[in-house]
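Just so it is clear, A, B, C, D, E and F label the chains in written order, and each chain counts residues from 1 on its own.
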Amino acid sequence: MAHIRVVTPVIPTGLTKAEDFEGILATEDTVDFVEIDRGPASIESGFDEMLASAGTVAKIIEAEAAGVDAVVIDCMDDPGLRAGRESVSIPVLGPGEASMNLACMLGHRFSVLSVLANMRVLFETHARLYGAWDKYASTRSVEIPVRDLHAQSDLLKSNLLEQALLALTQDGADTIILGCTGMLGVAHNLQTDLQRAGWDVPVIDPIPVTIRLAKLLVQSGISHSKAVYPTPRKKLMQGYDGSALEAFRGS
Amino acid sequence: MAHIRVVTPVIPTGLTKAEDFEGILATEDTVDFVEIDRGPASIESGFDEMLASAGTVAKIIEAEAAGVDAVVIDCMDDPGLRAGRESVSIPVLGPGEASMNLACMLGHRFSVLSVLANMRVLFETHARLYGAWDKYASTRSVEIPVRDLHAQSDLLKSNLLEQALLALTQDGADTIILGCTGMLGVAHNLQTDLQRAGWDVPVIDPIPVTIRLAKLLVQSGISHSKAVYPTPRKKLMQGYDGSALEAFRGS
Amino acid sequence: MAHIRVVTPVIPTGLTKAEDFEGILATEDTVDFVEIDRGPASIESGFDEMLASAGTVAKIIEAEAAGVDAVVIDCMDDPGLRAGRESVSIPVLGPGEASMNLACMLGHRFSVLSVLANMRVLFETHARLYGAWDKYASTRSVEIPVRDLHAQSDLLKSNLLEQALLALTQDGADTIILGCTGMLGVAHNLQTDLQRAGWDVPVIDPIPVTIRLAKLLVQSGISHSKAVYPTPRKKLMQGYDGSALEAFRGS
Amino acid sequence: MAHIRVVTPVIPTGLTKAEDFEGILATEDTVDFVEIDRGPASIESGFDEMLASAGTVAKIIEAEAAGVDAVVIDCMDDPGLRAGRESVSIPVLGPGEASMNLACMLGHRFSVLSVLANMRVLFETHARLYGAWDKYASTRSVEIPVRDLHAQSDLLKSNLLEQALLALTQDGADTIILGCTGMLGVAHNLQTDLQRAGWDVPVIDPIPVTIRLAKLLVQSGISHSKAVYPTPRKKLMQGYDGSALEAFRGS
Amino acid sequence: MAHIRVVTPVIPTGLTKAEDFEGILATEDTVDFVEIDRGPASIESGFDEMLASAGTVAKIIEAEAAGVDAVVIDCMDDPGLRAGRESVSIPVLGPGEASMNLACMLGHRFSVLSVLANMRVLFETHARLYGAWDKYASTRSVEIPVRDLHAQSDLLKSNLLEQALLALTQDGADTIILGCTGMLGVAHNLQTDLQRAGWDVPVIDPIPVTIRLAKLLVQSGISHSKAVYPTPRKKLMQGYDGSALEAFRGS
Amino acid sequence: MAHIRVVTPVIPTGLTKAEDFEGILATEDTVDFVEIDRGPASIESGFDEMLASAGTVAKIIEAEAAGVDAVVIDCMDDPGLRAGRESVSIPVLGPGEASMNLACMLGHRFSVLSVLANMRVLFETHARLYGAWDKYASTRSVEIPVRDLHAQSDLLKSNLLEQALLALTQDGADTIILGCTGMLGVAHNLQTDLQRAGWDVPVIDPIPVTIRLAKLLVQSGISHSKAVYPTPRKKLMQGYDGSALEAFRGS
């Protein structure tokens, strides 16, 4: 039995619901989710990531304090991943990192299908950091902002298929990663559409696989290395009064 | 409910037992294992890997035909991984590949603790193939042949600790991978010993995590990309009469 | 005439003074400095960097609004560099990035002399991001926390010399970067000491060269590429009321 | 005087003839060839390579025992290269490895013209293993299966010219490697056709250059490093009775 | 006050004038220029670079002897850079190296706009040497020989814009480097044209930024590392009588 | 029958003799050698390489004009390689490039044993240019200047053995390259000494293997790619009156 907490690193907007995470693990496991108090309404830039990081880390600290077994950050940019891992000992996973390293096990080159074109640089940067660059093929985008993903589900579906086919035929990709956790649930469909078009390739839906990886780590008794993510020294800080970040306030 | 088959790519020697794979998955899942008919008694070289590959692929083909959901090759050299994946559609996982890509999610640089020094080149080669080279730190060895691992468990334990500490202090590693599936079960101990020595780092026991990854793929409805591992054309072959490899015999 | 603003990304502690930045540019230029309202007392981890980033970006936005020509972030971790560049059009420089790319012009392999050992991973990560990895030799540390650097100046001096010599003789380095902006002013001394020891190699003092690079960009009429650092979309945000970050608040 | 043996790693099909290897070395040298007893009729996948490897290594062991000076494997996939080198001390060369490293001496970026599109991944994998990745431009294919190469020589000729021109103009290549040893003899023609089209670039015919490299190694008294390819330990094996592989059977 | 000397590594042709370098530094600084006695009329190949190198190094030696503070080589191929740095202690800068490393600070991927297509290989080679390969996107060319650049300024302008747009849209570039010092002065125009076309990206004019970097190094008291560029041993030489290269003549 | 010319890129010093190149090829082939008119007495720096390059290229142009089939430059720094290849169509080989790419075929990682420590940077630079970096282990030096190599043959022998053993045990090398063509003839000895010490690894004597590679290219009808090394445009030049370089003088 594992208790996994999803931290959705945006302020409450109603887009994310508890049902989104049902059925991913076995019935004896618990998957709950929280949104953050301090941050933006969606993450589509480095600026948004910066806005979100402190609030996300606070929720990660709270999760460990509450006895949660592992945390999954619900955004492909993995905001707060480094600082969050430094702050706790339980596994903290980002779907960006998890998807890319999983893709490395399934094929030779992967492409990310992102919401907006400006995310390309972030994914390329992350592929380098995560040790996945040698298998990175490309980032392509559907050009639909995060908050319109649900409303424009038909456009999303057709744009995903179009961009996936371009990734496979033009960029040498053989494995597809959905580049936004807001695309939750459309992977299976895209995989089937691609199969009909003659491409029998995996489409990775980041959140379910990351939650399952979190459980895998809990079961296996391993977490991120504290040699890379050492616990921060306590020191004076300002501007975070009342938040869980104060766990590391010192003098 | 998933049915995972472990293919131990050596001829029966009594070293591997059904109990080795108990308790790794939930009780409703099935994990069984088979050894191969054609091959060596252990794998410690490229020559051994060559001897083992045909027999391993035959067992992978048989597993799919028997309705198994995924296959795990029980050797860190991943013999037969490419040809096995070409032969079937169900996920085929090698613990060498799985451990390295998992290590990429836990730290910044990993080291492999191998049985014998000559395996270094194989692990370096594989790290490049698997897209894990950017996070590869080193391979170190305990200098105990595979078949003596059980008998010399005290020596194994002390050599692992010694080499792990050298990897952490000399090679810049922060994550440890056990480099032989014959070391099954000693990871937890080593992790605890390292923690006592002041190193809070993950030690990856390849077989349990690979079996759990196999289940993760089955649950997630994804497998290796057939764009990279296309089904072989049938053609004339000689020397494999009566084996499952004949599935691809043509004229 | 250029107006360069140094943003010291820590809350006021008295360690940084206006005099620190005198004499770096010509007399007709202006170099002023501000500290941040929200953040930690020093930056020695990813956690500290996270605490500092929002406050730093706020000061960068304020600087542009005040007509400043370019901003230099006063910390080798370059907190807020990406989000800051997205937020404004004037050049924003980080001494970590600037020093590494400058080192690439002076030699074949550079080493960073850091305050604490745990910074190695951050510098290795940054070297990859900044396109400087091919010339990265090593990070070594003097093992003195930031806030003790001034008080322990003799120990700092001897440890820097010792670690620099190890970098040159053991790691194949030929160029040295001081790894903390709190080491301001000791570079010349170290360079002279090394010369006496037979090593005629450059020692880069990050802050002066970064301030001069800022002026160079202003003179040359170039800034960071907005194709990489596009202006963020305005959207709902929470927790940053009253700060300059609200410039990007939308509905 | 050198005695070079070509091991054609397919079962006899009549496609390869002794005349193919005449005139490549000086008259005092000997070049003979053998086909294998166990394997496929052609090599167009990782599966085929797996089928071929044991038979190929057996012939390599026999060659050394017969006093041959060096062995050339007659297939661009280099089946059995690693295990073959472990098994003997005389030089064993693969045309895939030899061509790529030779191409590195002739230009800046090379392309491989393969039989079928699915070989791209194998060549990319090999380029990484062989230390030739930095000069790899692309793999393109003529889409003619191995066994039809002779019958469709006009189509082969025109497709090679078309793909070579695309490699030069689209992929930045400046050096061409024929990607199948079954294309033996067409390189000179292609080189002339390209020259007429304004491209004065080398076209490497893999088998002749590899046979000449084999002689070069024999003359120079050097072979592959046994530190990388150590002789296998003898051990129990099953399924290879009566083959030369039994040289390494132990108890 | 700094005295920077520009060494234009071609024989006098009237194309370069003292005015070209006016206004780049402050009025109290001196920027003068010399052409070489031995060399070609322009540099468009490795052959030309070879012809130019001895004459360029001679002028670098003369500059140091005359009390100059730093030297800038006036050609994007950086002829004589290594040998020149070995010969003196004052900073010697090449605009090819300086532009590429500066571009690394401004964006994620840069493209070079060269005079002729055959320069692509030289720029790719240099990007590798200079540690800038990870951020290299492409080289594109305007197809105008150096000596016609001034006469064909309209064609140059339109070709630069066309190629820059292709670099941004096809090659993933976000930062532009002018690939010939003979294009001096057109950068600002191109930057404005690109801005009008919706691309707010920096265009680097190599000579002004390199001269300013030279001053930066002089101000900062650092130069290239003599550990990489050690002073040559004196020895017998022939064919350079009467040139400054004789400074290193020995017996 | 092939006519190979060795161009020794130093002025006549009596160290190189016609006998040095006897017995390397078959009796019907011709190997002759010339020294250069303009250049240094030995090559131990980038400065020396610069001094030697024009004289070397002149001899390469003369060789082609005289009907020679291929040229080998007799120095591990490969002076004049690029410009020489641009100047002619016949193969021009450098032993630095040839040895490194040959080493890539023999093992996993090679080390170069150089004369002096300052050559390390040159070999590292060249390994990158030649596409051999992925297999580069280290450069070590015997610390004997070129002109003393013959006189100090005992010291050379013992230093080579000592450094080779360090390369194998400390640097992970498995293949050795002699780093100076002045070490001609000692490779066999070193290989035997290493074998006695338990290391069965190849030691590459650069000049014989490069001459044999030159013949291989002539036999195979291939040369360097003129797409990378295009013939220079003729143009005005100064300072090379009376030399073969005037072949490319224009107006």
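Just so we're on the same page, a residue touches a chain if its C-beta (ideal position, glycine included) is under 8 Å from a C-beta of that chain, and two chains touch if they have at least 3 such contacts.
Since the structure is predicted, the reported quantities are computational estimates derived from the model, not experimental observations.
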Key: Of all other chains, the one whose Cα centre sits farthest from chain F   = A
Inquiry  = Let me spell it out: compute each chain's centre from its C-alpha atoms, then which one is farthest from chain C's centre?
reply    = D
Request  = Could you tell me which of A-C, A-B or C-E has an interface matching E-F, in the sense that over half of the contact pairs are shared by residue number?
outcome  = A-C
Inquiry  = Suppose each chain is reduced to the average of its Cα coordinates; what separation in Å results between chain D and chain F?
reply    = 27
Euclidean distance of C-alpha centroids - chain D vs chain E, Å = 44
Inquiry  = Quick check: what residues of chain B touch more than one other chain, meaning two or more?
reply    = 108, 121, 125, 128, 174, 228
Inquiry  = Quick check on the complex: what are the chain C residues that touch chain E?
reply    = 26, 89, 93, 97-98, 101-102, 104-108, 128, 130-135, 168, 174-175, 188, 191, 199-205, 208-209, 212-213, 216, 219-228
Request  = Name, in rising order, each residue of chain A that touches chain C in their complex.
outcome  = 11, 13, 37-42, 44-51, 53-55, 57, 80, 82-83, 86-87, 118, 121, 125, 128-129, 145, 228-230, 232-233, 235-240, 245, 248
